[in-house]
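You will see two complexes here that share subunit A, one where it goes with subunit B and one where it goes with subunit C.
On to the complex of A and B.
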């Protein structure tokens, strides 16, 4: 079953974070190391793309916050055939099914490690942004000394991508 | 034109192209190569590659089928402009929130995990060349059969309702021994030892602990408890018959028959054994 959560994860984690943002960041580092760096493309990244992390971050936080609810087998009571169960039975079954599932699957740990990975990205992002200075006056020499911060950000993003990818791809009932 | 291309043309090759900047595109390319004579790939919509063709020049004629990785926003416009008899879009989930008039959706995940098979690719090739008139089966929204999932969850509830009795009656521990013997699977019983879980259950049931034990068992034994399964037509239809799982299949079928006849025929052992069989089947699915 393809839920909204799975689609959101795909759009945010696979399509944007991995295939767009991380790639742009890695391309920036490669360009910075080049003997003839493309200043225009580098400036474009720092002006238009780099800060996209701040805009997308709340959606990633929401994705992690919603994972436990969205992946729980208790959500199957929202649709047929289990929606035909008596209201009282649905109420106690939802609690029991969800709690048993939490014991079988360390979902809260997965969410926590996702949040920790996100915090690391936040820290690395702020560290990397410190060295940017005035974009219109791109100081390649100064930037060269700070490339480690951008590489550390890439690594942190990769770790976050792995954490978000590790959530199940469908609702698991057993 | 290089020799390989001339050869492909002579064979009347069906030509596919993939627009994707995704690193995980190799799985899809491999599947497509089993069904198409040529499979071109471009990461940016301008430079094209074909593994079997050395000159890497884009074919002069239109493609038969185009596959667009929907996550590549920058390639969508290019994909509309590329000439192809049929255009398909895919993603890692196998589902889309909205329809799109320019592309046909592939409802199978294609990414690190490729559920799209060579048989799907052959159907697409047949459709794109007019050999098949109906939409390929992977392009119709899937009917996800949750009837067995539903049965497994009701079994869990039934087993818990019986096992929890001792806990609510005030005895020291949760008696899951008999049920564990039958299920051979750990349902996650520790959850029921947590006071906050018990308190939430009592609050919903609106009774004290002593009454709750009787009430839960009573609810699980009512004919209405299994109504969702009784209403579902042929819940076993998605379970293909194989010699190695015939015994498990029988166990589940026995429970479904008992539910259909009368819930009074449903026994704890029957539910425990059916759940064990279901948990193996659903975990392998």
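On to the complex of A and C.
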């Protein structure tokens, strides 16, 4: 389970958010400011790439919601050798180990801070999308005045990336 | 200046679908790299800072994408053997493998993401063990968490780690600058040998105030490297060079440590030495290997970084200083002939000296250096912008250049100065030996055509040598020419004399110039230059000024052209200042 969470995080945070979506946003802002903008590439972004956030968002929410459970040392009972423990023992040991882990590690704060960062991205995304207007016209002048919203979205995404990256990369035994 | 070229090995950026790579386009736009891979249609990058070749490093077969270690190594070996080499290679860590998805990317396997299994690390390991790729400079470029592989990175010889997703044009520029790949107004060169030297220099400059010894042949640019060290050190004080060549032994100590009032006859006021002037900055001591024994003893306390004391002549107490001391000398000067104290050599860190490669070992820098000097002297002489022919560049690259970069610079300076109106420089404009031996006495049409020997002195627009002048003079004296022909040739003869004399004088000015803080490229002094030119050591300064004025007076036309040269202009102005009362022909005819 933990492996799946780590893999999901890597795919969402590293592969997509960091290396694709953030880079696309930054490139869009640079193109918009260019004296020779690639309008075709800008349209592609506004028509498809930009809205990928809405499609990927639920996965990020799920990732944050699942972090406490997936990263808990209690999951060690899912695999050998601890999976060999009697079910009765496992039941109380899982709870105690999980609680001790929560005392030592501010996992809920990490999750909460991740959710807050996600909310900021949502707000910035809506603000940026309001300024897009009609993509077929691609009014660069009008767009130029709205670039601040795209930059703010980039910053918000960067903050979210940092929050997601801050989760441990393996189960920490307490 | 030509942009540096970097190689990027990355599965995402190296891949392309349908003749496009959107991820690469976005990366290039954000980082200011111009894609020269040639496999995709590229987008215009405004003001690129470097060129980039992208390599995926994977092969696709039977619907599966696998890493291609041998393919990458083969590509690296081929590219590393021939120009244009990449002076920097950026390597990704995480390469996705497995089944090909509809978008053309790999599905990814679990092990691809395990830090200990990163393909980038395996690649680094293989490169490190390949003797043919020993000097390949590698920076890891990844958005993976570096903390988990920190130890591997240093073990495997990576120079640096950069977060790929956070790279901007500014941070890419800083990375390139850090590795000596951006245009530099102090040091020009991207050969492996030079970049290795600059890398060592940067490291040494950041080691606080430790001494640095620079070794190199004449003309390699030891002083420029000292300036570079000062600049990269970030030290707040100024850079103070001390040139001791030709300075009497008794004066070296005074120049280095200064004196107090009354320290010796004529010391009517206190003056700091170069060491004190370099407080919180950098002191550069040239010709360190030729330092007199008496000064070596006093230098010991200055070179001891735990003491760093400088004592002015006549002062009762030494003064503690915070200086970075850079010393330079030719390799042969430090041979153990007993003239250098062993403890001084120890404190100068002879064992870890920086060695500037001679030009013959960095031939791939010759085109860049040549174009750099071309731009420099076009601007200085207000000359037409020009290019080299391919043959000329080839010729420049094939020469042995025993005088190193200085000799190359002089050759190009002369070529620009002698041919200010040209837009293309060919071998004949550069090959001074060939020019010297070329027949000047070829028959010319028009005036004097019937007397080839007299015709030889009629075209002062071409440069000549003393031998040409001598041949021409002999011809005038022995030829059977009519008086009218002889009279008609005198003006040309005078022009030839003025042309040659002023060129020789320019060479003497350059040879006797001294680099100072105010004149880093050399301060002009007419007195020693004229002494050198005439071989008359008893020549006084005023007599030297008179001779300068006389040379300029020989031909107003030639003088006017020559005065465009800043060194000659400075010399002429100095001569006029020293001897204003006796107006010269050049001055009276409006030469300025």
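Going forward, the second predicted complex is superposed on the first by the 172 of 174 C-alpha atoms of A that agree within 3 Å, B and C clash if a C-alpha of one lies under 4 Å from a C-alpha of the other, contacts with A are read in each partner's own complex, and residues count from 1 in each chain.
What we mean here is this: contacts are C-beta pairs under 8 Å (C-beta built on N, C-alpha and C of every residue); 3 or more make two chains touch, one makes a residue touch a chain.
In this text the structure is predicted, and so the values were computed from the model without any measurement.
Colleague: Should subunit B and subunit C be called a clash or a fit once both complexes are overlaid on subunit A?
Modeller: clash
Colleague: Is A:102 touching anything from subunit B or subunit C once the two structures are fitted on A? First, second, both or neither.
Modeller: first
Colleague: Looking at A:35 after the superposition, I want to know if it touches subunit B, subunit C, both of them or none. Which is it: first, second, both, neither?
Modeller: After superposing on A, A:35 lies in contact with subunit C but is clear of subunit B.
Colleague: Could you look at A:7 and tell me whether it touches subunit B, subunit C, both or neither (first, second, both, neither)?
Modeller: Once the two structures are laid over each other on A, A:7 reaches both partners.
Colleague: Looking at subunit A, does subunit C or subunit B touch more of its residues?
Modeller: The partner making contact with more of subunit A's residues is B.
Colleague: Touch test for A:169: subunit B only (first), subunit C only (second), both, or neither?
Modeller: both
Colleague: Using the superposition on chain A described above, determine whether A:22 touches subunit B (first), subunit C (second), both, or neither.
Modeller: Second partner only, subunit C.
Colleague: Would you sort A:78 into first (subunit B), second (subunit C), both or neither based on which partner it touches?
Modeller: The answer is neither, since A:78 touches no partner chain.
Colleague: With the touch criterion stated at the top, can you tell me which subunit A residues are shared between the subunit B interface and the subunit C interface?
Modeller: Residues 6-7, 10-11, 14-15, 19-20, 23, 165, 169 of subunit A touch both subunit B and subunit C.
Colleague: Flag every residue of subunit A that touches subunit C in the complex, lowest number first.
Modeller: Where subunit A meets subunit C, its residues are 3, 6-7, 10-11, 14-15, 18-20, 22-24, 26-27, 30-31, 34-36, 38, 41, 44, 158, 161, 165, 169.
Colleague: Under the stated contact criterion, what part of subunit C meets subunit A in this complex?
Modeller: 12, 22-23, 25-27, 29-30, 43-44, 46, 94, 96, 108, 110, 113, 143-145, 148, 164-166, 168
Colleague: Which part of subunit B faces subunit A closely enough to touch in the complex?
Modeller: Interface residues on subunit B, with respect to subunit A: 21-23, 70-73, 91-97, 109, 111-113, 144, 146-147, 149-150, 152-154, 156-157, 160, 185-192, 194, 197, 200-201, 204-205, 216, 219, 224-225, 227-229, 231-232, 278-279, 282-283.
Colleague: Which of the residues in subunit A end up touching subunit B in this complex?
Modeller: Counting only subunit A, the residues touching subunit B are 1-2, 4, 6-7, 9-11, 14-16, 19-20, 23, 73, 76, 79-86, 88-89, 91-93, 95-97, 99-104, 165, 169, 171, 173-174.
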